[in-house]
Amino acid sequence: MLKPLYDNVVLKRKEVEKKTASGIILTDTSKNTPSIGEIVAVGNGKLVEDKLVPLTVKVGDTVVYKEYATTTVKYENEEYLILCESDILAIIE
Amino acid sequence: MLKPLYDNVVLKRKEVEKKTASGIILTDTSKNTPSIGEIVAVGNGKLVEDKLVPLTVKVGDTVVYKEYATTTVKYENEEYLILCESDILAIIE
Amino acid sequence: MLKPLYDNVVLKRKEVEKKTASGIILTDTSKNTPSIGEIVAVGNGKLVEDKLVPLTVKVGDTVVYKEYATTTVKYENEEYLILCESDILAIIE
Amino acid sequence: MLKPLYDNVVLKRKEVEKKTASGIILTDTSKNTPSIGEIVAVGNGKLVEDKLVPLTVKVGDTVVYKEYATTTVKYENEEYLILCESDILAIIE
Amino acid sequence: MLKPLYDNVVLKRKEVEKKTASGIILTDTSKNTPSIGEIVAVGNGKLVEDKLVPLTVKVGDTVVYKEYATTTVKYENEEYLILCESDILAIIE
Amino acid sequence: MLKPLYDNVVLKRKEVEKKTASGIILTDTSKNTPSIGEIVAVGNGKLVEDKLVPLTVKVGDTVVYKEYATTTVKYENEEYLILCESDILAIIE
Amino acid sequence: MLKPLYDNVVLKRKEVEKKTASGIILTDTSKNTPSIGEIVAVGNGKLVEDKLVPLTVKVGDTVVYKEYATTTVKYENEEYLILCESDILAIIE
């Protein structure tokens, strides 16, 4: 199991059907290309001075995140992304 | 539904009639091209040390914002923008 | 009405007679070209940690400001500038 | 009257006789060219968190300052400089 | 023995079998090439203001870290890496 | 008299005999060329939030400092340097 | 004697036998070339807000440090390095 540190989270990238009417289609208007993933693990909290502030996102959340700052890790034949919570823009509910 | 994180907000871009006398016309004098949008969702608050400070803007506000730092997301056939509240300059009342 | 956020202010640029003896003439000696404007709206305060600190400038003040960081907005046939209070150098009394 | 904001001050540049034996002669050894001026107005204080910390310099002080970060303003036929107190290096007593 | 300072840790790089089905395979999608190592020593804590905040990682943890910011030290015929805890992304459990 | 502001100090450069056996010889191994001077005036303290923290160096101290960030001022036929205390590396006792 | 200020330390570089089996051999994998030295003097503490936080390293410690940010000073025919404690990676015990 991958256990992220501090305000890092582990995501599983979601395949986005680019043409489905009711789906989400992401278009980049700036340098940040957003993507969609499901959170599979969250860190122990953001270190602010000497306190750990729990993250807002939870395991199971589907989120829109900025692709550019992620690190890809293949673990037991699955591909995961590790990124900082501040690179997550929104939760899809 | 798109639920933005922290001090992010979700906007719906407003069409601005560039030539209407009583409307708002935006002209860029610097590198920041301002645009107008309506807020459809606001984040859970700006994280300042270990507190969440609620945002000033509310759902339904029409705002002038800086275009350059937004991320476009298409969701259920509608196009939305996600941006940080600090890139919003003013509310139009 | 344009209601600026946080430490932003809305200005109306003032025409400066460049050659009037008793007027103000602005000369740029550096990259910052200063200009003169009248404040028509002020934000709800600068966010410092979790407090809103009221601005020093008030509606009606004539101020010297740095031109380069402003955003121009045309609203009901009038042109306004939105800028941050920290780009205002002085009040002319 | 020019009333500077926060930690800005208004200066009147002093003519420095470059060759007078007892005078001050400024030589730039780095990119900062120092100059001499007299303070004619000081701001209402440096904003530190939510407090205004009074400036150290006072009206009438003759100071050595870094030229590069000043803004020149001509007001009632006199030329003034506006700069931040942190660009003042020393008071000449 | 190498005793790291503050929030530095000493790692021993782990050989990763790039093709084993159940192993971890690391692929770089960005400029950060992640790697795997075992922690052999941790610093006395991150200095936050005047307090030392203990690290989250412990001796014996297998971690995913960003390769680019490490310093290699050969000590008694073994090669070690010294890096800051903030360059560790996750613990593998 | 030159009275430096805040954490600035005024120095008088010391001639260093480059070849004297018991003297100090300074060699630059990086971009910072260190030099030696005697402190002739110290500022009223470093402004930290709203407090003035007194400097560590005192008038009369001989110090090693980084040359690159100094400003040279000629005053009553003597040449002085003004620099920030953080550019002083050590006191020679 | 060289008495470093704040979080600076004075080191004496150690000759490292590059080929001795039980010695330490340093290899640079990044831009930081680490080196080994013995601490001969430590500063009066790191200034954090208005407090001096004592350093972790002590006189006599042998340390691994980053070469690139040091200043070389020759004093009474000995060559010393002055560097900030944050550029020290580990103590060798």
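Here the chain labels run A, B, C, D, E, F and G in written order, and each chain numbers its own residues starting at 1.
One rule holds in what follows: a contact is a pair of C-beta atoms (placed from the backbone, for glycine too) under 8 Å apart; a residue touches a chain by one contact, two chains touch by 3 or more.
Predicted model only: the values in this text are computed from it and were never measured.
One simple way to say how far apart two chains are is to compare their mean CA positions; for subunit B and subunit C this gives 22 Å.
For this pair, subunit A with subunit D, the centres built from the Cα atoms lie 50 Å apart. Residue positions 49 of subunit G each touch two or more of the other chains.
If you draw each protein chain as a dot and join the dots that touch, you get one closed loop, with every dot joined to exactly two others.
Starting at subunit E and stepping first to subunit G, the chains sit round the ring in this order: E, G, F, D, C, B, A. On the subunit C side of its complex with subunit B, the touching residues are 1-6, 8, 10, 41, 44, 47, 49-50, 68-77, 79, 81-82.
Note for the complex: subunit C touches subunit D at residues 21-22, 24-30, 32, 34, 46, 48-49, 51, 53, 56-57, 64, 66, 85-86, 88-93.
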